[in-house]
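Each of the next two complexes has subunit A plus one more chain, namely subunit B in the first and subunit C in the second.
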Partner chain A sequence: MSTVQTAAPVALRWVGALAAALVIFSILLMTKGANPIDAYQGMWQSTFQRSRSIEEIFIQMSPLVLGALAVAVPARAGLTNVGGEGQIIIGAVAACGMFLLLGDGASGGLILVAMLVASVVAGALWAGLAAALRLVAGVNEAISTLLLNFVALDVLLFLIYQPWRESPVGQPATRELVDVAKLPVISGTKVHIGIVVAVVMVVVVHLLINRTRWGFRISVAGGNSEAARRSGLKVSMLVLSALMIGGALAGLAGMIHFAGVEYKLRPGFGSQLGYTSFLACWMARHQPFPILVAAFVFASLSVAGDSLQLDSGLPAASVNVLTALILIAVLGFTTMRKKANA
Partner chain B sequence: MFTRKSSVRVAVSASVAALVLAGCSSATDSSSSSSESDGAPGEGTTAVGFIMVGPKDDFGYNQAVYEGSEVIKEAFPDVEVLTAENVPEDDTAATTMEQMIDKGAKLIFATSYGHLDAALKVAEEHPDVVVVQQGNTITTDIPDNAGTYFGTVYEPMYLAGIAAGASTESNKLGYVYAFPIPQTIANINAFERGAQSVNPDVETITVSTSSWCDPGKQQAAAESLLSQGVDVLTQHQDCTSTVIQAAEKAGAMTVGYHADASSLAPEGWLTGAVWDWGPLYTDIVQTVIDGDFVGSEYNDNFRVGYKTGTNPFVLAPYGPDVTDETIAAIDEAQALLGTDEGSPFVGPVLDQDGDTVIEDGVVPTYAENDAMDFFVQGVVGNLAQ
Partner chain C sequence: MSLIVDVLSGGVRGGTSIMYAALGETVSERSGVINLGTEGSMLVGALGAYAIGVETGSPWLGAIAGAVCGGLLSLLHAYLVVYRGASQFASGLSLLFLALGLTSLFGAAYVGQPVVGFDQWDVPLLSSIPFVGEILFQQDPLLYLSFAMVPLVWFVLFKTRIGLLVRTAGERADSLTVHGYDVRVMRTGAVTFGGMLAGLGGAHLSTAYANAWFENMVSGRGFIAVALVIFAVWSPSRVMAGAYLFGCAIALGPALQARGYEINQFLLDAVPFVLTLVVLTVLGKRTLSSSPAELKRVFENAPPSG
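The block that comes next holds the complex of A and B.
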């Protein structure tokens, strides 16, 4: 099978899936008394014909890409990482801790690197907890990573309610990052460099899982762990490392979102980022490059959600319905492709 | 084949990355403030935006905001009213406000407490747009195009506390709250002090949910309080139906918040603090359109209460179990709150440790109550600081 021949139908299927979702959503729009053409026009104009919105898409995309990669790497080893939500929070918490520790004294480059390292290590260790539970006690990592999300949230709340709280008066939050601890932006725009980090990590992860011995081994372990064990692979180390690398990527996503957008830890920090990334990864069928597309789609939808409210007067939940329809349509079409190729 | 395809992808991505990297620079040079304007901020605006943290039909805070925005629609037929619900209390709020500004809004109501950071950021970037925030307090210098507004909701909560204190049999009241912010702390303290004024043995047990509207946590908090013997439940949440229904189901009494929810609790409803934003919103919009915002009372931390006579928070209708005697006591207390000597916090006020915080006979100001950071004696719960 040639590349050109398969690429075209895949693109066509994506377009078909998106179109199908939009048609179904039109019916919903009409039942809510909105004109679908006006609604889509409003969404298009306020999302893709407004430079601020396009910048916003790239800003929102960055943590989604990294969060989705955090699902993709363990998936290669046959592991389900539902813990992106918590790993993102812990990554941001570690970055914030590093900022509070170094205070205002450190110079710009240094403090950002320190925050980045802290977030990556913390994310990896947090995911490592789930890996260890699996290896030692046989706990399914889909359950443990999910439950650790709630623990991570409690850790965050404890810190911002007590030791790290900016002021006893006011909503619980940490103090704002100083300017040197904020991610720089791409000149002429409001987009921070998180998008560059995200794109670079897509390439790195692609090379890691497709070009390295380790990448080959985790896919063997993920395909058939018994066969892998019998051929002499250390499956436990592969499980541990795959999940920890996933956690590291999610931790990085947390740092990017914290130092690039929020600048403060608040009670709802990163809410839903991990779960949205999880969906984006499934939409991209766990492949690094398609993750860029999926994250772009999710970020665009999120930005377009405002238009549905402001231009068409629809409820805030409408955009979630549209997102779900698109996800189902795309996943449905990809399953068909699998059958056709089998 | 596979190899060739992926090499191309790698090459493309790498070059994209290189291009983007080449365009990088530091954060400092990009913040250009937009739009110079001739007139006063917000003057003659043809659109007004409202952002809400929750759904506009939540039987509570956001519904009250939405109803206020409907009043604006009627009062100013030429003004377009833009509303956005479910806007989180983080940087996304700034994004949504930016979209409203692009649609012509030069006046934005950022209506949740945690929207303040985003509101100030937007105000700074758009000197020609007025951003007013509901319920929080600006503690730094107040810019010419920003302000906060609120009523003294702890005053009706004090009155509701009288109804609760008179009605309880277990002498235990339950309070489900979101965050330990001064507004909430003042509510809880006023509620307890209102109850104490008719029932010295009463205590108020508090549970926080760390969310303005999370029905799952609300249910758990309500059940936990009921299991401790609480027989009157109240709350500081944005969406109120879950706690009220939990109380009614358990046969407990309830004091509502934001909206008259007596229909949800026909048996146990006592009363509640209900919100009527219409008149205040209308006056703010008129002030801004006329170009009179700068230096006005709204270009400040504006507070109204029973003393000024225009409190947007009023007492809800009474339920069946509230006696005439209690109603008389509430009427008397309300009249006193409207005078210079009246306040839910007339000294002596003791904190949980029994230390005197407000000296005997002292009547704290609205501004002082807005900075409250301690629980009074009789409140059970740990105020994290």
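The block that comes next holds the complex of A and C.
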């Protein structure tokens, strides 16, 4: 953003925008006969004052952080990765496939490592497909990654409805991951180590894009590809690597969601995780450390949704309204309008 | 009924909601705005139509309500991206979440409620034409309306002054400004109109196709519509053909299964998406060059002009 902003009005804008989001949601709650004060109080209490809920926030946060980083890295190179949804699914599919391939005979450690490698490679290749289409045929990556989401979803459904289906009756799903290969939890909690991985990757991505030569180059290529080309940078390699690293991070998110939360593939696996991550990344303005905050907020809201269902008797998905209002407030009302955008 | 008639008539019926939404998205993208919230507009349209249908007993009032709901949601998208400079992708996805939440909040009351939907109404004479009649003219009235909508949208976009202004907003926004027009108004109008059509698509889904309301019932059709517009290279007639193609791919699996064939539906479902990618690859830079210029700037993360 080129507009110079002083700190105070920006803080005021944030407060005002968020307050407006809360007020609008209150009005909606009142039309459904719920008392907004009670609802907010209930959401706050059951989200932040119960250790189970706080653990749940950290569990839900991990794939969101990784999914958002998967948007942030390509964004640095001027690329729009809307394909987190599909890359997450493909990462989980690869992880599950690895588990099914190795079977029960393998040790837990071996399965975990194999799943990790497979998911990262699969995510990278899935995103690499979009990069290749861009480089070879000039297909825009925002379009191709979006389309590939649906192909990934169909791949997932195909596998769990037939070749990988455990039982021909009941809900279609794969076998459950063996206990030894499930992600270990942080001692004394129910939180699996995915959150540690996520935080480490935030630091790694921060260093990668801000402190390395490669990070500098992709930002040059993202800012002005013509200038980058003239100064001798291989823009095509930069595009390819940035998108593939993004895909690898999303693939990792899929593996963590699989081995840490779901343990089996089923219809609706990881649904909307990719899109939520995309929005978390936007809310964080594509910066690694703010992504942690944004993912925390999104995960908290999702946990709060369950409280809304339990305490106020409203569908859990209604909390999406609050999430969206906050997003709209942040996207539309916390920054000055771009000058160029009349 | 033969298999082919089954698949084609099912494809036309199932493709209609996608076609309405994709037609709307064509208008929106022609003005230079991509709307990933199309999925959301379809959702609120589906619920709006269903709710008004249940309350009034009139499916036509329901369809109007669906269009209004879809239009309102897209109006918000237009405001955010046109007047507040928000990212088009992020804003569209936010509105999808808004729609998911709103329809979950207000839709719970309508789950399982019976509605007077659009019944099949055979067009006299035309419906008795063998083959063609069975496919196209033994359907519901809201579907027949879509037959008129395609040429109408084409005519307005390409043969009228307002269409020219909308397309110019998508191609050469600065030249509109030079001639004293407000680009923002053009885009807001186009995006809102697009949302109204998406809402009609949602209405077709809930009150003609499924005759039911359930949470997240659009399940990706809005995204398919966005993909379809690109597949169709921003042309209304190709949108129509593409929508029926997508619809047939969806209808083929159940039709085969009903005849005892073992078939995995999901491979068929993937075909249209893979096909779109193939078309984009083959057309390559030609697709991009035929895309509205202002839209290209959105994809390339360049600041919009005008």
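By our rule, the second predicted complex is superposed on the first by the 314 of 342 C-alpha atoms of A that agree within 3 Å, B and C clash if a C-alpha of one lies under 4 Å from a C-alpha of the other, contacts with A are read in each partner's own complex, and residues count from 1 in each chain.
Everything that follows uses one rule, which is that contacts are C-beta pairs under 8 Å (C-beta built on N, C-alpha and C of every residue); 3 or more make two chains touch, one makes a residue touch a chain.
Given the structure is predicted, the values throughout are model-derived calculations rather than measurements.
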Clash or fit (per the criteria above) of subunit B with subunit C on subunit A: clash
Contacts of A:Val139 with subunit B and subunit C, given as first, second, both or neither: second
First, second, both or neither for A:Ser187, with subunit B first and subunit C second: first
Which superposed partner A:Leu327 touches (first subunit B, second subunit C, both, neither): second
Contacts of A:Gly78 with subunit B and subunit C, given as first, second, both or neither: second
First, second, both or neither for A:Pro315, with subunit B first and subunit C second: both
Touched partner set for A:Tyr161, first subunit B, second subunit C, both or neither: both
Against subunit B, colliding segment of subunit C, chosen among 22-30, 112-120 or 166-174: 112-120
Residues on subunit A lying within both footprints (that of subunit B and that of subunit C): 157, 161-162, 315-317
Complex interface listing, subunit A residues touching subunit C: 28, 32, 78, 80, 82, 133, 136-140, 142-144, 146-151, 153-155, 157-158, 161-162, 222, 275-276, 278-279, 282, 314-325, 327-328, 331-333, 335, 337-338, 340-342
Complex contacts: residues of subunit A adjacent to subunit B: 1-3, 46, 50, 52-53, 56, 108, 157, 161-162, 165, 168-172, 179, 182-190, 192-193, 195-196, 199-200, 202-203, 206-207, 210, 261-264, 266-269, 271, 289, 303, 306-307, 309-311, 315-317
Subunit B residues within the subunit A interface of the complex: 1, 4-6, 9-10, 13-14, 16-17, 20-21, 23-30, 55-56, 82-91, 95-96, 98-100, 102-103, 113-114, 116-117, 136-137, 139, 179-182, 210-211, 371, 373, 384-385
For the subunit C and subunit A complex, residues of the former touching the latter: 36, 76, 79-80, 83-87, 89-91, 93-98, 100-102, 104-106, 108, 177, 183-184, 215-216, 220, 223-224, 226-227, 230, 264-267, 269-270, 273-274, 276-277, 280-282, 284-285, 287-288, 299-301, 303-306
